[in-house]
Structures are given as structure tokens and as C-alpha cells.
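Each of the next two complexes has chain A plus one more chain, namely chain B in the first and chain C in the second.
The block that comes next holds the complex of A and B.
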């Protein structure tokens, strides 16, 4: 078996991977639904209805998509430059922790000053957290996959310490959670009466900004060059290590902004279960989006819809909600395979 | 001196060996994959799947060793999937590995919920009991620590010896090592790099799953969702620490487990109680990162690790 590159892949062929991956994920889910004793069509119907069958469901999906846009962007920008950041989970919590630490009355300022301060503080924390593995990578060639993964465990324990120590809510009755943010530190709703906060708009702005950086700036060009071929980039005089560190700052900062948005916009306080794996799901989002910043928005909406829909389906007919996780993991694997087939064809011999 | 008392106690070293056992299996599994040139980041999920598969088989009435075999087969299944995507198709080993971990973990949790709906706490099984090896266990201090363990720990010793013997003393091992160092040379000998690498990933994944099964069938007697808790990632660090050699990796796993056993005991001492317990729990992960940093200057990494091979390409 041999893989032969396709010289001029058609637009149709190039746009196939996400479609195939999504269809494949549904096929896997249908099979598992049957095993679990549910009717696949009923399961899918309930997932779709649960994700967008009502105004409430739709808003829930948008709210769930918001952190996924941030972590998806974080992973996309990093993977583009072949910086394998699997630590978006920790960076997300870093942003959330800074927001909870500074937003509970430590800084007394009006919203117009406080909110940007919190967002920038959060982004800085996430950036620093990813800079450590990035520097270990550029200086000592330590594989960043393992270090960022290990950081996830270290940082979640650190959050656990914060919630039982310095950030503990004095009124929390022993429950590990932070005090609630002051009203000035909360992201307001976009439209009064609709449960959707400005974090969603911020996520869209970040996606657009990243698209501009990617397409219109030298940094974007350099990041892509480093991702495509490190040696060629170095030969062309691109400061590879500097580009990797800049990518790390962007990626870590974006994931941390997700933590800021989730605490300041949706939850109002920090808990240990703030993220049900947003950092890891961000990898699936980014891959489904073919690492394209604007694609991330749509991929995040799709992934959020699956999660919200599966929760509702599970409550209705008892097929475990982990069905959603299986769908997304298989979508990820089928996606990378389909990308290959959009660029190569198989020849025997 | 409390520290001294701990380090001289049999129970401490016995605990260290117990903690090391699952790591030994999974580290050997990862080492085999990487020596053949494939980074297997599916390790964490494969350990979760193995832990569950072995435990649920025994819960369903199978004998203990049959449960171990089931775990191994399940691990090899995920290994097969990983190897198809990463070897002949040459897809990014990072993405494939993370995908396998997500898939194996979610399939496990899904199956758990389907098999045991509405249970508040998972049922217990009768796990492997410690077996005292005659004569050997009479050696002072190290005897009871090394040879008063469950049969699965003895299997871990065998696993290291077998891995080292195959890798360094057989033509197959030579081919595996060459596939990770210089695949073109392997192909020039008329051997299939694809077959060797796929085989290594499948067998390695089987060992990882047995490592997971140790947790539910020897260390504990039940299955919990978070029980693997990053041990897979730690094993990847142990392979680097062990410079891709079975003996050194074994030493690393035991050293690491000794630190882990020590931190559990230090938490209960006077000084330990004053330090937040989270700091102790962080130690394994911090030590893993330190190990990676300390070993980073030594260039013993298999030359073709993470480099896909396709015949005829130079």
C-alpha cells in the first residue's frame, strides 16, 4: 500500500473531511445506541431537539459553545504552529482563578475598567502557564504534549488548594468554591432577559481577530511556516523559537479568556467542576474546524449542540450521556483520516 | 527521625513496589511502542479501558487471570486501531494518541453506565491476594517487599525481563529497535517496517491495559472513573527517564513509586500536616516533569520516533 499525493484536490474533496467525520460519528453513535437498547432515530431526534428544539435549548447550546470557542481557538492556533498544547484545560482554569481572585472585591473599580483588567489578567496567567512548557520545548527539547498534560493535573490540584485556602468562600459552608464575583465584575447579558452573556460575543471577536492575525500579519505567516516545515522556516530566516513562544502566549491567553468568560459571564464563581473537560474538547473542536479560526466557531456550536442534546436525551431515555464523548472522539479520529484522503489517494504496491 | 523510620520499614517498600507495578506494565508497553518509532499517547485511555475490562469480567464471574487476558485483548484492540491510523496512514501520532485516549475513556464510561445502570457505588470483586514466595521472601527488608506481593506484581517483573530479553537478545527485538532507529535499513533487509511497528504498538497497548487492570484487580478491588488519574502520562515520562531501556525504566518506576509512597506517609507526620495535602498529590506530576527536564540533554531518543515511514521515500 502506498499513498500518492493528489496534485490539485477539488474544493469538494477538500471540504469532505468535516462532513465525513460528522457522518461517521453519527454512525458510531447509532451503533452504540442500539447496544444500549435505544432506537437510533429516537436518540438522534432527542439530541437535536434537546440542542435546539426551544429557545431555552438554543441558548443553552450557545452558552456551552462559548468556552469551547475559546479552547478551540487556543488549540487551533497552537496546532497550526505544531505546538502541541494539550494543556488548554489548565490554562482555562488559570484564567478562571485570576477572575475569581480579582473579581470578588479585591479591585474596586467600575465595570468599564474592571472587566478589561480581569480579562487581561486572565490571559496573562494562561500565557505564562503555557510559556513554561513552550520554553522547555524550545530550550531543552522537552516534548510539550507530556508537560502540558501533566500541568493539567498539577493545576487542578492547585485550584483545589485555592478553593480550600486563599479563595475559599467564607459563606460556602465547607463546599470548595470561591466567593461570588461582585456585580461590577460580571459580564452583562447581551440582550436583557435572554440567558446569553457578552462572553459569547467576546469569543466571536477573538475568532475574528485570530483570523486577521492568521491571514493578514507577518506573525500569522510565520506561525504557518513553522507549522508546515520547521527546517524550511529556519532556513528562510524566521526566528522559530520566538514564533513558538508568541504562539504559546496567544494560545494560553485564549484558553484562559475562556475561563474568564465562564466565571464572569455564566457561573459567577469558581468551582472545581467549572470545566467538564473544555480543554480536551477544544482539541476536537479545532480539528473539526481544520484549525481554521472561523471554522472553530461552527465546530464549537456543533460540539456544544451534541453535548447539550445528549444530556437532554440521556435524561429522557437513559442512554448514557457519554455517547456524546464517544461521538466526538470518533469524529476526531475520522477527521484526521479523512484529511489524509482529501490530500492523498491509496495505490497498491 | 521520622523519615528514617519510614525508609527502613518493610511496609514502605512493599507499598512502593505495589505502586510501581501498574507503572511497570504500562511503561514497558510504551517503551516497546517508542522503540519501534511510535509515540503512543493512547496510553492513558488504554489503561482506563484495561482497568474496566479486567474488573467487569471478574465481576461477571470469570476467573482473575481470564480478566487479565480480557484487559490485554481490549488494550490490543485499541492498539490495533492506533497502529492502523499512525503506521500505514502515517497520521500525526499526537492527534491519533489523544483521540485514542478520548475514545477509550468515553467507550469505557459508556459501557460502565450501560452495564451497571443506577449503581451509586461500583461493586467490589475478590482481587488478587498477596502470595509469599518461599525462601526469597525471607531475605531481610527487600524479601518481604519484593516477594510478598500479588501474582500480578510478579507478572510485572516477568514483563520487564521478557521485554529486555526480546529487545536485546532476539532477532525480533533487533528488528523492532531498528524500526525505531533506521527504518530504511529494516526495509532494505526485506522486512516490513509497517508490520513491525504495528505489532509493537499492539503488544505495547496490551501491556498498558494490563497495567490498568492491576489497579482494579490487585491494588484495589473496584473501578472508579478517575482511578488512572494521569498514570499513563507519568509512564511516558518514565520511558524518557529510563532512556528507552527496560532496566532503567524499571528503576525509574520503582524510584518514582517510592517517592509516591513517601509522600503518602509524610502527609501523616507532624510537618506533613502543616503543608497543604494538594502539594503532596502534585509531587508525582512535578517529579515527572523534572525527570523529563533532567533527561532532556541526553540524546538517546530513538532516531525515527514519530517519523512515519513509507517505502521508497528517501
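The block that comes next holds the complex of A and C.
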């Protein structure tokens, strides 16, 4: 048995992987729901209802999708240029930390000035955080998978130090959390009375902007060239190292904007459990989206819906929420497999 | 020629290859090749790159299956296409590129595959003592407990030879064994080989180095274009004759008129890099300079240097007499150097990009973008223009380039280069793998660029191609460049000698 490349896959074949992955994930989940003593159809029904069955549920899903769009975009833009950024988690926290540090009254300015300042400050922090591994990669050929991954742990400890030290809320009764953001530093709701903040709109704008960069600008062309064939890109005179560094700035900045959005839009303060692994889930989101910036939005919505829906389902019938994690994990595995089979076919002999 | 008649009456040959023919598509790699190898004999297999030496040995070793012909060892026919059979019959091969695991020790590498994987450690003591005995017998000094990664190239080769001897091989095949060795290591290798012959082994020695062939072999077989063109007893021949036989007496006559040299557009003065030594070269306007040589002798390094991928370590690179401030692919492009790379798949194009994107890979920033925004409409019409002008057969500019044939891909790259009106053109193996129509097309375009006043450097392993197109010729060997020869100044024997690194030592 051997794999044979398909030279010109049809559009149908190319769009198969995400669909197969989602179907596969549901199949695995159905099996596990049975084992856990639930009726699979009822479980799925409750997940869907919990994710979008009511206005409240839908808004909850959109809120949950917001940080995932940012981290998903961060991973997608980096992976497209073959910069393996596993550190979106740390960059996310970097953005959150800057927001918490500067948004608690340090800078006194009206919202119209303060919010862009916070966003840009957060993005810069994330960019710097990814620039370090990127420079190590371009200068010393240090593997960025290792450095970005390890940065996650180092940076989370650093956040822990900040929350016990300089950023600790004096009124927090000893809890490791930052002070609350001033009202001027909060992202307002898109529609009064609905619990959905402007962070979601910002995420959509970032996705659209990234799509435009990818298709319409020289940077997008250069990033794709470097990602697909670095040797040919270098030969053609594309400044490969500069492109990698620019990619790092974009990617780190996007992940950090997620942290800004989460603190300024949703939580209002920084805690150590701000992210339940948004940076890592961003990898799943980016892969499900086949690294397409617009696809990231849909993949993030799907992933968020599963999490939100599983929470609600679990409260209703007692099948554990771990089902959501397993669904995501199996969706990712199926995706990798399905991508393989969208490019190759099996030949016997 | 039937070599069987000549060698009859010397007992059964230990190895017999009979009427071997092998084709790849419509390329003939071996045609009706027959020879015998006798006990205690060293035969040298001599030929240029692509003459069919390696294919022949791969057939013997079961890596390839011959279209016709048989291989017999000790009178037994070997089943086709089974490397195990050759090994078991006592044929050992020392490859040019070593097949050793660097993180294992010497004895582990040698014993690997002789016993089951789990049984290996139980046989350690026996294996080591056998290796020590062999080392002593054949003067192959290596420590069985050393890690292979820590060994020198010469020592690694000794491990490869020990690997063959450990399996009680009676026939040793050495593929270009001296290519990686220092002269001292070469002498040591030859001492080992003489020892092996004295002990009754038989050896096939593949090389293109004439002095080594003369030193070690008792018979020489010359392959050219897949055919066995000559067989000589080593004592009855000499280097001049072998050089002539290897290159072929009939050097192709140029079919484009000679031109006087124009001004020097690119000059290298005593340039050295990691792989080039003291290279001096001048490319003149309106001339094609051919660079001949056996592959792997520094052609890639010279091409990379002029293409901007590497900078000189010492010496000067001058363009129009001026030294550029820095050197990079962008600098090379802005100095109007057109580059046709050796590997059109890996270096020349991006497989999953479409023709438009590939067409503008070198010029997008200058010609198809404004303030960072791409002008895709302009790019697509440029690609369409290249497709029309350079006869690229394809469904359209939105086709991914991986779907194109090699010839059409090369035409697009050629168009990308020539459309920028380069003053200097580096064409590295520009027609390798192309069919005859595409070959003629590319050659015609290069000749036309020369007529238009460009200075062309043509790097090729195909001597006929070099001879046909070049106004002046350099030969490269081990990173050193021969002086420039005007067209017609270099005959086959001389060329062969320079390629073997012996030019200038006699009557050059």
C-alpha cells in the first residue's frame, strides 16, 4: 500500500477536510456519550440548544469565540509562513497584562484615546514576545516550536509574579488579581443591553484585514512565498528573515489583542485563569480553518459553540464537559487525516 | 565488442554482467553492457557523469531491475531487483554517500542487519573481535567502540569497507571512493585494496580520476552514453588515451558563429568561498562562457556566488568593473543578472503558486506593487505575455506551476529572466531533463541573448552542450577553475584531463 499524490484536487476534495473532521468529531462524541450513559441525540440536541438556542446562549458563544478568533488568526498567520508559533497563550497574556497595567488609572484619558492606546500597547507586547523566538530562529536557527512553547510556562509564572506583586489589587482581599479597569478603559457593548462587547467586532475586523493583507499586499505575497518554499523565496530575492520577523509581529500582536479584548471587554481585570488555553485552542481553530483568515472566524464559532453548548448540556444531563475537549481533539485528529487524504490517495501494491 | 573472448580461459568469472540494458522512459542508461570480473582482479569503471556507471552498479546490486540481461555471481544467476540476493552472494558495496547511523558505534553499524535487532547486543563480543581481526588483516584502523558521528570521513569509509568485509564479501564495489578523501587517506585506501586483492577478493573501482585508475586497476572499462565503448588492460593504455575515450573522440562542432569578446561585464578576481578556491573568471558581453566539469566540483558554489546567495570570502567580484557594496540575490537582480537555477522545482519556482505568482517572484516589488499593494491585474497580464512570448503550454496564468511539464516550467523561468533584459545570464544546467524540442528552444533563446549583447555563463555536465554553444570554456575541478580556453582550443583528451584535475600537468 502506498500514498500517491493527487496532482490537481477538485474544489470538493479540498473542502472535504473540515466537514469530515466535524462529522468525525460528532461520531466519536456520540460513542462517548453512550458510554457516559447519555442518549447521543439528546446530548447533541442540548449542546446545540446550549450554544445557540437562546439570545443569551448565542451571545455567550460569540463572547467565547472572540478570543479564539484572535488566537486562531495569530496561529494561522504564523503557520502560513511556517513560523511555528505555539506561544499564542503567552502572547495573549502579554496583551492582557499590558491592558491591566495601563488601564487601571495609570493613563488618564478619555476612552477614544485610552482604548486605542491600550490595544496598541497590548499588540506591541505580544509582538515583542514573539520577536524574541523569531530572532533566535533567524539568527541562530533555534527551533521556535521549543522556544515559543516554553515561553508559555515562563510567562504564566511571570504573570503570577505580577499578580502577587506590582499589579496586585490592593482592594482584592489577598486574591491574586489585578485592580479593575477604569470605566474609560472598558470596551463598550455593541448594542446596549446585550452582553456582547466591541472586542468581537474588532476580531472580525482583524480577520478581514488579515485576509486583505494575504491577498492584496506584498507582505502577504512574501509571507506565502516564504511559507511554501523558503529556498525559492530566498533565491528570488525575497528578504526571508525580514518577512519572518514581520510575521512574528503580526502573529504576536494578534494574540495579544485577544488578551486586550478579553480584559477590556469581558473580565475587567487580569487573573491567572483568564485563559482556559485560548492560545492552544487557537492552534485547533487555525487548523480547522485550513489557515484561512476568514475560515478562522467560522472555526472559532464552531469551537466556542461546542464549549458553551457542552457546559449547558452537562448541567442538564450530567454528561461531563470533557466531552467538548474530546470533540475538539478528535476533530483536530480527523482534520489532519482528512487533509492528508485531500492531497493523496491510497494505491495498493 | 565482446570481452568474453578476451577473458576466456581464466577460470569462471566471479561476477558476470551479460548484455545489460536499462532505459528510463526514453533515456538509455545502459545499452548492452557486458563484462566479467575475475578473482583477485581490480577493474576500473571509468566515465563521465551520466555515462551509466552508477545505474550499472545499481542493477548489479539489485536496486534497479534491468530491462534485459543477466547478472551472475560465482556462476549463479542473481534474481533481478533483490538487494538481499547480491549481499548474500557476497557482493559488498561502498557507496559514495555513506549509509551509516551516526549515533551508533562502529561495531553496531557493522553488525547491524547481520543478526536480529534484539540479538545484537548478545553478539557484541564476538562481533567486536571479528572486526578487530578484520581491521588488522586489511590495515583498516578504527576503534569498534567509537561513535560513528565522531569519525573523520576517511574513518567512516573504513567502516563502510569493514561492513562489506564483515559479511564475507568476495566482491567489493567502490563508488567514487576517493572523492571525499585526502591524498594520504587515498594512499591508505589503496594499500587496503591491494591487501584485499592479495587475499583473493575482487574489486570494481568506479572513478573518473585517471591517475587513480592507472594506479590501482588491472583492467579499465570505459562507459560513454550508457555503452561500454572500450576495454583496456591498464598496462597497455595511458592517461591520454583514457581521457580521450572517456570524453569521446568526436567533440560536437559549434553551430553558432564565433564572436569577438565585448567588454567585461562580470569579473571574479581570485575569489574563494567555502567550496571555491582562487577562482578567476571574466564574462564578456556577447559571449557564452561554458563551464564544464564533473558534477559536485564547485559548480553550485560558483552559481550561488554569482546569483547572490553567497558572498566571496576573499577576492573581488566586479560588475562592470565596480565592486558592489554588498551582495545578495536582490543586489544581483538589480545588477541585471538573470538567473536560471539548477533546480527549477526547488529553487526556481514555488510549486503551489500559480504561473502569475511565479512569473513575478523576482520583480513583484519593483514592477507589480505600489506602496505595498499588489497589482494583480498587471501581474496576470505580464504572465500571459510570458506564456505567449515563450511558448509556455498551459491552461492559463492561474494554473499552479506544479502541473506544468519540466520544459514548460523552464520556459516560464527563462521568460521571467529574459524579459528583464539581463546583461549577465547564469544558466545552470538549463536543459537538464528536457525533451529535445525544449532543449533547442532554450539553446536558441540563450544564443539570441548572446547576440543581443548579454554575457552568458552556461554551466553544464553535458560536454556536447558546452562545446556547441560556448565561445570560451573553463573547466572546474575540486573548486578550482582552469584558465579560459577559446573555442576549439580544447580537444577531448585535454578536456578530460582538466575534468579529472590533471590539466596543466602535461601538455596543456
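A few points about this structure:
The rule we apply is simple: the second predicted complex is superposed on the first by the 349 of 349 C-alpha atoms of A that agree within 3 Å, B and C clash if a C-alpha of one lies under 4 Å from a C-alpha of the other, contacts with A are read in each partner's own complex, and residues count from 1 in each chain.
The definition used in the following text is that contacts are C-beta pairs under 8 Å (C-beta built on N, C-alpha and C of every residue); 3 or more make two chains touch, one makes a residue touch a chain.
Fair warning: this is a prediction, and the values are worked out from it, not measured in the lab.
In the superposition on chain A, A:149 makes contact with chain B only, not with chain C. In the superposition on chain A, A:318 makes contact with chain B only, not with chain C.
Contacts of A:165 after superposition: chain B is touched, whereas chain C is not reached. Touch criterion not met for A:89: it reaches neither chain B nor chain C. Of the two partner chains, chain C is the only one that A:231 touches; chain B does not reach it. Residue by residue along chain A, chain B and chain C are tallied for touches, and B comes out ahead. No residue of chain A touches both chain B in one complex and chain C in the other. Chain contact summary for the complex, chain B toward chain A: residues 41, 81, 85, 88-92, 94-96, 98-100, 102-103, 105-107, 109-110, 113-114, 117, 229-230, 233-234, 236-237, 240, 276, 278-279, 281-282, 285-286, 288-289, 292-293, 296-297, 310-312.
Against chain A, in their complex, chain C makes its touches with residues 307-309, 328-330, 332-333, 339, 341, 346-353, 357, 361-362, 364-365, 369, 372-374, 376, 400, 402-403. Interface residues of chain A, counted against chain B in their complex, comprise 1-3, 32, 35-37, 84, 86, 136, 140-143, 145-147, 149-154, 157-158, 160-161, 164-165, 280, 283-284, 287, 318, 320, 322-323, 325-326, 328-330, 332-333, 336-337, 340. Partner chain C is touched in their complex by these residues of chain A: 7-8, 216-221, 224-225, 228-229, 231-239.
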